[in-house]
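Pasting a structure here, questions to come.
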């Protein structure tokens, strides 16, 4: 099974790495995809986000990372993935992700989405929280992977 | 009964036309109202949105379309409508729409709102989804009325 | 428009009478229907519930009350109603009522359901709350219509 | 991947068969498990429910059905499954299923649960709806698989 | 501040003891109240539940436990408490608890309720989960306080 | 108990003053804190918002107001508060506020958050509603405290 785990990863958090680790066990191949919209502002460039993901997943042999600025379903077709994988934390996630899953199915009948529930300790964690805390100089060391902590801190800390 | 169906319709989707068709059966007169905020960015101008709605509702004799840049309740009073009509798709709609309904009632005691639940096939559909898919060149033909598809596609497709 | 407002009304509360009063303004005829399941335990018999509703709606000339132990949609067909009317208080109501509305539409394509949002002061009110408070001898005078308060109190108070 | 799809299936609906068909494509082996609690009342006996599932899945070569009256996680261990599979329809499903998934993980660290979202046309469908409609003699032919329709109807229709 | 923490505690879980410990820090006196309905079936008798709570809170000097089979607000008045304290885990808790809080305020204008959010590790935990797992002989040692584990296990394990 | 009630208060509404009044009864000292993000656009400056709060709370002797552009938890430490206090209106509030409460606890183990449920009449009220209505010249006199109504109206009304 070739799984595709898309997200904005702006930046990657421990919540994302939890999903990546667990999804990698279910899949023969897992592609983690930085899905970006060229028209939307983000804190990290797609290249920076991909670079962080590459570092974080370096030890997972069946995981590769990529970036894509188009329709998810086109990438899904291109790499002939079998399933889209998403994490769910809360009710608001649920509604948004189900909408996306149904849109993807409408656009491509074979595009199945499977959901993993977030680890209990990550239910409150999001890229937005990381940026909010870091922008005020707060300690984000329990929110992001240690290997990329310095990079994320230095990019998000205000001058 | 004179019903008033307000929305941003930026642009109209099959979810909107489902509500319009069903609401038109319940009302003697149905006014579909492009409600716009001059200070907020939108993809289509109010005039464009009204034009799309006029085309889409051309075959419904008791439906007329209009646009309004002020307080909904002032338009409601002006045309002496009996009810505001809204569609509900999901829990997040529910909370937002109930807030608006209660605000309208606070501002005008006689302003009753009635809700129709979205057709099953439209629960995942929104103007935002249409714009997201179209901006990447995806196929939106199952999301918007055929009669306005070319206009919407040409306006949303990137250069 | 002939509206059908079904419920278990076990017993009627001020939340129900709020919906009845507002729905009666929207409809030419409103039928308030005690919908009961002969196999389910209830605190009041269908006849008692109907009797309470008749007293509560005596002053509303276009409202009549009835009871029905079968499929809602069969009654809907029998009286040739135009719409089912339901009140919504909270997210949990929303999910249940939407399920019912979609089931009814599946069983009878013409069966439209419209929803009114509960009055702000009734959002916490239900027949279950009335019974819970009354069973402990609490004061339910602000929860049920004054005209049926003595009957409800005497039936629910423990011996 | 060996998937385990547990449920009460009291009785099986088209919503269940949708999940079974899609899950069977993701798994090498899929076990559909009638999970019953000997102390809880049900409309169909575990044996009847299993029999219906066997008929419904007869054409799916990698699907087998079983029943279990103990802790799910013990069955999961016994058959050395890789994942539990569940369908999600609505917000209320979401909360209940996440609770169960976390409990299972607490009891057995390796027990991963993956969720599929219900097909759009099954979001309103449940075993409870089937029983409610059938008990009043309503038409359930669009709710349950044709092959088991007569059995379900004859069991649920009142004398 | 005299806080009143009511619940059915059938039986006490680690989720309850987390709320008790934190509430005890906020209050001068905290009363933990087994609130029971003589007409509703429960797994443990009110006396057994109170006994378990007494053992669990023995080390908390400003906490005392009691039981009550009447209206919460009558006990609140009787002991002249200042606030009702409740834990919130999930959206479904939220709706139920807010309803209760508004009912209590309607019955007694001075009855304020404050909510604590469950500890992350207890969001999936409830008395129902404990009973479900224990009834199948599952390990509940991470769900209930160690001091009362043997009692709870022996009462819930099937013969 | 020293309570800290943070918010953006852009501008203060009757929903905020309801929470302030009730929280002031529970606390020895209550600090109402304008929490602002220097990078985010707001309708009122932090100084203006603080000024409005000072006027609104002038009669409450144990309430003082302040403003803070940093991490909430740093202010909490600085003034040695005992609890953060937040109001909850709806499900969407609930998820956001619980996320914040868990983040604060992660950053500072002693930071307890308590929640009060909004007064029934304020459940639909927010700063956003006030601004939306006022921007169209609507009447906001039932939404904001009378003492600051003229200031808020003159600031929000369009030229």
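So that you can tell them apart, the chains are marked A, B, C, D, E and F in the order they are listed, and the count of residues begins at 1 in each.
What we mean here is this: a contact is a pair of C-beta atoms (placed from the backbone, for glycine too) under 8 Å apart; a residue touches a chain by one contact, two chains touch by 3 or more.
Since this is a predicted model, take the numbers as computed values, not measurements.
Chains that touch both chain A and chain E: D, F.
Between chain A and chain D, the least number of touch steps comes to 1.
Farthest from chain F in terms of Cα centroid separation is D. Two copies of one chain, chain B and chain C, form a contact in which over half of the residue numbers belong to both partners. Rounded to whole angstrom units, the spacing between the C-alpha centres of chain D and chain F is 47.
One simple way to say how far apart two chains are is to compare their mean CA positions; for chain C and chain D this gives 33 Å.
In chain E, the positions touching at least two other chains are 91-92, 95, 98, 102, 120, 123-124.
Contacting chain pairs (ordered by label): A-B, A-D, A-E, A-F, B-C, B-D, B-F, C-D, C-E, C-F, D-E, E-F.
Listing the residues of chain E that touch chain F in their complex gives 1, 22, 25-26, 82-83, 88, 91, 94-95, 98, 101-102, 112-117, 120. Listed in rising order, the residues of chain A touching chain F in the complex are 90-92, 123-124, 126, 129, 133, 135-139, 142-143.
On the chain D side of its complex with chain B, the touching residues are 91, 120-121, 123-124.
Chain C meets chain D in the complex at residues 37, 39, 70-71, 73-74, 91-92, 95, 98-99, 102-103, 106-107.
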